[in-house]
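The same chain A turns up in both complexes below, where it pairs with chain B and then with chain C.
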Partner chain A sequence: MKRRNFLGLGFTTLAVTALQTVGSASIMSEHPKAFLETSSDEAIKDIYGSNAISKDDKAVLKLPDIAENGSAVPVTVSTSLENAKTMTIFIDGNPRPLAVSWELQEGSMAKFSTRIKMRKTTNVRLIVEDANGKLHEAVKQVKVTVGGCGG
Partner chain B sequence: MSSLNRREFLYMMSVLGASSLYAKSHKKLFDVQNLEDYYKIQNFGNARFLHMTDCHAQLMPVHFREPSVNLGFDSNYGKPPHVVGSHFLKHYGIAENSRAGFSMTCMNYVENAKRFHKVGGFAHIKTLTDHLRGNFGKDKTLFLDGGDTWQGSATALYTRGKDMVEAINILGVDVCTGHWEFTYTEKEILSNIKDLKSDFVAQNVFVKDESLMNGVEAYNEDTGRAFKPYVMKKMGDHMVAVIGQAFPYTAIANPQRFIPDWTFGIRPDDMQELVNKIRTKEKPDAVMLLSHNGFDVDKKMAAVVSGIDFILGGHTHDAIPVAVPVKNSSGVTHVVNSGSNGKFISVLDLDIKDKKVRDFRFTLMPVFSELLPEDPVMKKHIDDVRAPFLDKLMKPLATTDNLLYRRGNFNGTFDQIICDALREVKGADVSLSPGFRWGTSILPGEAITLDDVMNQTAITYPETYLRDIKGTDLHNILEDVADNLFNKDPFLQQGGDMVRTGGLSYTIDPRKDIGKRITNLQLSSGEKIEANRIYKMAGWSTVGSKSPGEPVWDTVEKYLGDHKHIKNLKLETPDIIGVKNNPGIELSLYKN
Partner chain C sequence: MGIKAIAKVRNGVADVKLLVKHPMASGKLGGGKGEPKFINHLTVKLGSRLVYDMYPTSAVSKNPYIRFGFKGAKKGDVITVEWKDNTGAGEKKDIKLK
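Then we have the complex of A and B:
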């Protein structure tokens, strides 16, 4: 399938997913405070409790080293874990760090792309909750510049 | 056909003059006493690459002073290219005041420039590269151009890069990649690539997802790549892959408004995936990367990506006379950088056997214009391109007592003229000018022409501005640009030099983190810059959006017309902390 067509489909799916999870069902209703927290740690605690988080290669976070545009930074998240339950992105330096959360259907392919808005140079975190409720984390710093003078 | 005859070539090589013989360089290049020696040892192996990069549209021979400050820290302390001036001569065993020393350093620059004259020039380069190709075998030679080719001169700007496309075609370049090429519009870029007889390759330029959905064309709709990522080339009996890597930070360091549909990045994972795919599918005899990453970024890429034999790199304009080996998980990748402005042609000969590069020889060859006869076809093209503008371009605007140059981590003398012009003409307290690494040099006693001014300013976003700025915002700009230059992680370095400043003095500690490098920010009067006070700031080359003022060459032309003669130029350079013994600075020249 051509990337253009695939993308069209992908974006639709993404929109539906977002509605189902973020918009109504779980995160918003079960953890209403999470989106209002001002630190990633607090937001993570709201959603996932105080469970230990292991930094490993199960959570895969793809981001540029330097953002071309801080208000729309492309991000791709994925995991090799089978039947992962949720994937959530936190942006440490944003006023409201919780950016987006996906709730995965059993057997679905756990790979999503979207755009995130970043206020300044900061760490972006991905938490993947596996089938057993264990948490896996990937962290990457993205630099947001005030305007280049390179060349 | 003015091919280089043997006597002329002998003369050229014998006058280069340096004592050392580098590991893996063509034997005795800098010490050769006769032509037969040179020819006997010159041709090595069975595949030859010629590489030039960052010529910045300099069709005519130029003066180009290499930097007197190019600082490196931590793992890059004292490593080329962060070794300049007398330290460079010592590092490579090159005699002071020799041709090699003149071409690769800033030492005794004016005196040596008067002895050895100009370098580069496409008519001279054409003669040399035809010779190097014919001498080795056309069918076994590939000519690669690393980009920054369509920008940097008046005629390149006036013809939107077309003069250089034609020059590259006449030169017989086989493969190209780009950076400043992307400062024309998407339509112009695609039209120029169509006119190129060479392949234009870039693995790290993608059409944005949203643009793809809006129907923007990609080279490959499955991968989203905007351009061909690599090309397979036959060299004698061998097949060689040449991958392209465009400047990764084009959409940050240069305006996105000209190329709204394309996104860049270093993309080492995509590079590794591509190398693996090429190795498996194409079974090449060698994998070469034609890169516009910049030298330190190329070194890191060579360490984190495996399976590339050589990186022929550019962007940071470093003339490095040896190929630097970098270890990675599957072996060694050698990294090369071939200077700028048409000063050098790199010659890399490979001995390929059983799908492997067994050995190589590498030489960074300076192009001395007066030693190389002009190729008549190229000369005619250059004359034709310049003819309509010649009267305007060659008119003297002023004369100078000072050597004028740009290259170096901090203000060059020509930057100082630009900064002074912005302040005076626009009535500003302070001025900023970008730390580009291109911009040719003018010797004391020479006239400054519009051609020269354009060689410093010919960009597609030259508009000037005068605006109010808070002291704290000015400080943030300096911190931001300093971090692009001195960040510890090469992948976060954008490859430009420090922003040039007028009417300002400051102290910089390059080893500190962002936000902590710049202190003691003052107006040139000695008055402290207050965080909350408003200052009038002038500048040009705005990346974010088009500025309202006249193009900067008009500002500079007016300033030169008003002053008529440049003398006692006061170079505003910051106080730099912790560089007393750093070989990346030639302290004897740094302070004037």
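Then we have the complex of A and C:
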């Protein structure tokens, strides 16, 4: 029960912070609970609801096959879809699978790169929400030699 | 704290690479120790136009590397990078496109 309480507190703090820093409604301020989920499926449901997810070539996820250092795994996400709304990365094997989300802007290239932390060998998922709210998914397994979730 | 940037324009398309100094600590939330401290919102604007809107969590690596692009840019334009973290800290920096 204590753990529950702590999570509740964290949730409130995160929610308040999000509201303060984000002017308009956004994926993270609307769904602060998603960050605290411990499974990708639940986090995806929190953000995107129970809409069907199609695995197709519209969501493109670039990751190395093997990551020697799990604390900084290079990732590039992109989509060929016109006017896609959001893209979100989930890492199945992390304590908090929700990793990072983007809201696409008009005139911005639908291609983002960053580096993510992976605790262990696991699947990484990219969800792309298109202009009609339909969901597209790409999944890729990355073998992690040295995990990197500490710190 | 600190934001390093390489931002270039080619054929009207800006290619922006950022390196933001930040611990991105997951703390207890990630099964470790201490309080979490991580950037949870990072935006880039060209004037009043939002060109990049990112919502990281503590699963983004320490000292985040970020690369993105946008159309309708020209040399000499100034973009404003701004981030906030979950503790309320933040930073804002103007960068000139080359």
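Going forward, the second predicted complex is superposed on the first by the 119 of 151 C-alpha atoms of A that agree within 3 Å, B and C clash if a C-alpha of one lies under 4 Å from a C-alpha of the other, contacts with A are read in each partner's own complex, and residues count from 1 in each chain.
Assume a contact is a pair of C-beta atoms (placed from the backbone, for glycine too) under 8 Å apart; a residue touches a chain by one contact, two chains touch by 3 or more.
If you're wondering where the values come from, they're calculated on a predicted model, not measured in any experiment.
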item: First, second, both or neither for A:Ser101, with chain B first and chain C second; value: second
item: Partner chain in contact with A:Ile53 - chain B first, chain C second, else both or neither; value: neither
item: Which superposed partner A:Asp65 touches (first chain B, second chain C, both, neither); value: first
item: Of chain C and chain B, partner touching more chain A residues; value: C
item: First (chain B), second (chain C), both or neither touched by A:Val139; value: neither
item: Touching partner for A:Ser113 - first (chain B), second (chain C), both, neither; value: both
item: Residues of chain A that lie at the interface with chain B and also at the interface with chain C; value: 74, 113, 148-151
item: Touch list for chain B against partner chain A, complex; value: 179-180, 209, 212-213, 215, 218, 221-224, 249, 251-254, 256, 263-266, 269, 432, 434-438, 476-477, 480-481, 484, 489, 491-492, 494-496, 499, 514, 541-544
item: Contacting residues of chain A [partner chain C, same complex]; value: 6, 10, 13-14, 17-18, 20-22, 26-28, 35-36, 71-74, 76, 91, 94-96, 98-105, 107-109, 111-117, 148-151
item: Residue numbers on chain A that touch chain B, as the complex places them; value: 2-4, 7-8, 11, 62, 64-69, 74, 113, 121, 143, 145-151
item: Chain C residues within the chain A interface of the complex; value: 13, 23-26, 28-32, 36, 40-41, 49-62, 64-72, 84, 86-88, 90
